[in-house]
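Some structures to go through are shown next.
First chain A sits with chain B, and in the next complex the same chain sits with chain C.
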Partner chain A sequence: MSDKIKFTIDDVEIEAEAGQTIMQAADAAGVYIPRLCAKNSLTPHGSCRVCTVKVNGRSQASCTQPVAPGAKVESETEEIKAYRKSLVEMLFVEGNHYCMFCEKSGNCELQAVAYRLGIDAPKHEYLFPARDVDASHPEIFIDRNRCILCGRCVRASKELDKKNVFQFIGRGIHKQVAVNADAKLSDTDLAGVDVAASSCPVGAILRKRVGFAIPVGQRLYDAQPIGSDIEANRTDK
Partner chain B sequence: MNENLEAVIREICQKYANDSARMMDIVRDVQSSMGGVSKAAMKAIADAVGVAQVEVESVVTFYAFLSPESKGKVVIRLCNDFIDRMFGADRVAETFEKEFGIKFGETTADGLVTLEYTPCIGMCDQPPAALINDKVVTWLSTDMASRIAKAIKADGNIDKLNLPNGDGNNSHELVNSMVHNNLREKSDLIFADFEPGAGLKNAIAETPVEVIKNVKASRLRGRGGAGFPTGMKWEFTRGAEGDEKYVLCNADEGEPGTFKDRVILTEAPDLMFEGMTVAGYAIGAKTGVVYLRGEYQYLTAFLNDVLQKRRDAGLLGKNILGKSGFDFDIRIQMGAGAYICGEETALISSCEGLRGDPKNRPPFPAQKGYLGKPTSVNNVETFCAVAKIMEKGAPWFAQKGSQGSAGLKLFSVSGDCKKPGVYELPFGTTVKELLVKVGAEDAIAVQVGGACGITVAPSSFDEKICYDHLATGGSVMVFGPGRDLLELAHSFMEFFEEESCGYCTPCRVGNTLLKRRLEYVMAGKGSPEDLVYMETLGNTIRNTSRCGLGQTSANPVLTTLQNFRSLYEGKVKPSKDGQLASFDLNQAVGLSESIVGRKSIHHHD
Partner chain C sequence: MTKPKVATTSLAGCFGCHMSILDIDDRILKLVELIDFHKSPVTDIKKFSDRCLVGLIEGGCCNEENVHVLQDFRKNCDVLISVGDCAIMGGIPAMRNGISLKECFQEAYQDGVTVYNPSGKIPSDRELPLLLDKVYPCSAVVKMDYHMPGCPPSADTIWETLVALLTNKPLDLPYELIKYD
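After this line comes the complex of A and B, so read on.
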């Protein structure tokens, strides 16, 4: 019995395995849906909402929504593109993001998605929150100014490293990532080789002393926009 | 000291079998015995139940009634929702501040008293109201506030406040509360005479499948507001695979302006427990959990007593009513101050001892809910209706109400009306009919459905209250001449900003942005573009948020923009110089001016 499911994204027919999410099926077919909290090796989080699509007219996060036979998925419509821009802009104004002197610039997924969506400056008001930096750990530092609360570090630590170094505390606009200690990252069992230490899509959790090892101009998204790797798999070209 | 802390915490954790799923009970107990849950306490709890310290911190920092820092021996939480402020909460706040010599948010130096604000505590029919530890005080005047403050200062004992008791079971020795029912209109459903067991007897005479068929035939839909057909929810839960199943009762009545569940819990708890037991039979569950909002702690001893009486009468426990193999029991799970926990998957998270974050769907609770097992979550009032449907039959219920909204509904009416309180009325009642009943014919606006509902203008008062027109879980707030509806919208936005769990971007960030832009407009610093911005932002929040909170949190702005647009238009003016009026250039250059010590060339005097 074939478990193949057929549905469309922006009228392109996609073939998927039963049990796949819309994002997984789209990736496999070479259709890129912008995302920030989603990462292949981790349980879908559904928090950034950047991957929002419409499924038969209803908004859903494509990273958590399973494929359904015959579903009509809209992704690159003007309406959805506007939502995505607004969401990414929210993430920029919520924290303090200074791309021009951030070590992550060029490798940063937030920056890359913003460029891909055509964002030049946020339309929202900057919130300029006061946030902490924790440089206590010998190999890794946290700059919460740049955190977008995607939860990748939380999930990577728990699911892949089998530790519990990171977790969310607080709620609403005061929500932040805390570490499993009274105060400092150096008091946790985080090791430099942990997946959690390299799972951050932005410059919030960074490795020390390698920030500029790869010069600007030769970085991941300097040559090609984010999502190009996925689009290289496009099956219906 | 530290040894003592560890011993106390060990004992508390043992009381809950060192089960991390009982984290809510554990941290609540620690909070009440130690005044807070310190980092040392978090560590001790984590060690006892076998989770990471930061997991405990994650829970403690989520709920408003829990705190890492130590609170006063007496915590006064004054409700500062819009209705309470209409009736003098601000003056009461001033009195408390003067009496204790501290501001709200502070604790007295001797550690006796903490003053805090809290959103709706389910007492909008008797405002202003406050919680003093677990005790509810209502209809507060400045005199009364002053008297209470003096009594607390005298001996720190809140049991000696000498407050009068309210009506009905509020005077029951296990309740002892000054809360009033304000039950204004009863019909033959929830508050009619009921013999415990009457519905259950009929239910167990049928097969579980027949019970579900009956609930479907009654056309009962969820009373919490979303209106999902109850019978269908039960059918999914019954049909889902799982070695265990659960029945959860949503008694986290937190929608501003709603208090009908409070009156049910006080006057008709048997009916609710009976409905839960019927659900247990129908879906094949052995355990029911009532998730009771922290604000209603004062009812727990009474409710536990009712549960015990039902066990003694064979209505709970093993082989219920002699039916072999029908085992079901109920426990009460306390919340700790989080509106989001009224969302069914957040409620499940909280019951599991986690932050009250909603879960991703699918899977739906019917497939994978509490502890990963098939679960049906229903509202207090829904369970009551079920018990009554079992007693009187599905057709009796189905012929009441309107086409798509069968049955009667409890409405909690508050605000500018002569008779605030609870009304049991058929679905399909118009706003106008309701206003006549409550004595508020001069209303300038009616908020139907709570903070997440609709601000209805007089031109729509002929509309029907039911699932297909004006939907509500019961909240109806009335506003008379002179009330500022932009202030109303703002107070709701403050509420959502405070109550967002923060999980998803649009709700966490969007609500703050929306509230801020509204503030600019209210301050006369808005331009017409700001109204367009608010609509666009509101729609983004509505269409991209992960759960019902975010999907409705922009409604205060969106529905007032739609129904009372002239109020906004009167506040905004087109910009003259091409800059948004909300942009304050002097403020923008202020910090750099202070650093360099001279005025910027851009500074306008």
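After this line comes the complex of A and C, so read on.
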């Protein structure tokens, strides 16, 4: 038991195992840190920066930053909350997010994080980018209008499905998720049961013919904010 | 003391948000104790003749008339509120933003499978407002003071927001009342 590491998040003492990330230790203690690209079963990516915290005064992505003894982590400060809000608002204006008819609405992590952060409308100018839809696959489609480039599909396909169906191409504003085939999603070996097909936090990669199955009011984030499941395990109460 | 005035309009919207305003049901009787409706589809008053405290804007701007109406509201209202996702981000009409105007016209008046238009002409009467190149969120045209998301925002959201504003109290909406769909 001597390898337990003690540190604090917003002055709450947290006990962690050596080698854990700040996010893993926070989750175990029932302290929710907002995130989009991080998913338990996947290698941390550190790309969305929504999980940014301050560790001893320096900004770090909590999904990639290992715990350190005595570290003073700040998460729910006004400064960091404003920073997260701005990041999520930028994701909304950078893509084409039409929540009103999206199949993922109510179960969407981007939307749920925005609700949790209290975003009424993005402050930034909408870009209305031209993005495409690939519906060639019999079971799955990609709508790049909704993609936030979290890379979960890329990692899930590589790490869990052992297939490498998805990959990033391009840089900066031109970056997008491409498929590992000459042309279309139907040319890849993606199967409907693949983890990559259900790893998308938004409505960019979805199964066909199951949209709108759950009525409004019973969807994942209709009544409970995202992170409620983690907070239910709060240990310091 | 005269009651503050509230004006409303539907720009490039579907009137769903106005239906949601009416969905406050009998609370509308309490509302008219607090305010008078001025220029609005509810009263059919066409022109501003008085300063308004609040302007409720449904829909984004898809044509020049929408822009003129919105600018008129900005001039005549102290507080402008975007009501619903179309006012906030363009909404369903903004789906045309990735398509050129020419293609939109061709599809609507010439090539669409259900089009009946023997002359093949695209309407160009000068009485018709010119379409903008894109559908713009209201905040891209004038300064909007507050945003009420939803498609439409629920009647409870609209009620709570208006009452908080009119009684000068902070607005603390429960989680269930802020939704983007």
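Here is the rule we use: the second predicted complex is superposed on the first by the 236 of 237 C-alpha atoms of A that agree within 3 Å, B and C clash if a C-alpha of one lies under 4 Å from a C-alpha of the other, contacts with A are read in each partner's own complex, and residues count from 1 in each chain.
One rule holds for everything that comes next: contacts are C-beta pairs under 8 Å (C-beta built on N, C-alpha and C of every residue); 3 or more make two chains touch, one makes a residue touch a chain.
All values derive from a computational prediction rather than experimental measurement.
Student: According to the stated criteria, A:125 is in contact with first (chain B), second (chain C), both, or neither; which is it?
Tutor: The answer is both, since A:125 touches chain B and chain C.
Student: Report for A:225: first if it touches chain B alone, second if chain C alone, otherwise both or neither.
Tutor: The second partner, chain C, only.
Student: Just checking: does A:208 make contact with chain B only, chain C only, both, or neither of them? Give me first, second, both or neither.
Tutor: neither
Student: Contact-wise, after the overlay, does A:105 reach chain B, chain C, both or neither (first, second, both, neither)?
Tutor: second
Student: Applying the document's definition of touch, where does A:4 land relative to chain B and chain C: first, second, both, or neither?
Tutor: In the superposed model, A:4 contacts neither chain B nor chain C.
Student: Regarding the shared-chain residue A:115, is it in contact with chain B (first), chain C (second), both, or neither?
Tutor: A:115 contacts chain C only, not chain B.
Student: More chain A residues touched by chain B or by chain C?
Tutor: B
Student: Quick check on the superposed pair: does A:164 touch chain B, chain C, both, or neither? Answer first, second, both or neither.
Tutor: First partner only, chain B.
Student: Name the residues of chain A shared by its contacts with chain B and its contacts with chain C.
Tutor: In the superposed arrangement, which is not itself an observed complex, chain A uses residues 125 for both chain B and chain C.
Student: How about chain A: which of its residues touch chain C in the complex?
Tutor: Spelled out, the residues of chain A in touch with chain C are 92, 96-102, 105-106, 111, 114-115, 118, 120-122, 125-126, 128-131, 216, 222-225.
Student: Using the touch definition from the top, list the residues of chain B that touch chain A in their complex.
Tutor: Per the stated touch rule, the residues are 39, 43, 51-55, 57-58, 61-62, 338, 340, 355, 360-362, 497-506, 508-513, 516-517, 533, 536-537, 540, 543-546, 582.
Student: Going by the contact rule at the top, pick out the chain A residues touching chain B in the complex.
Tutor: Interface residues on the chain A side: 44-50, 52, 59, 61, 64, 66, 82-83, 86-87, 90-91, 93-94, 123-125, 127, 148-149, 164-175, 178-182.
Student: Could you list, by residue number, the parts of chain C that touch chain A in their complex?
Tutor: Against chain A, the touching part of chain C is residues 82, 85, 88-92, 94-95, 97-98, 134, 137, 139-140, 146-149, 151, 175-176, 178-181.
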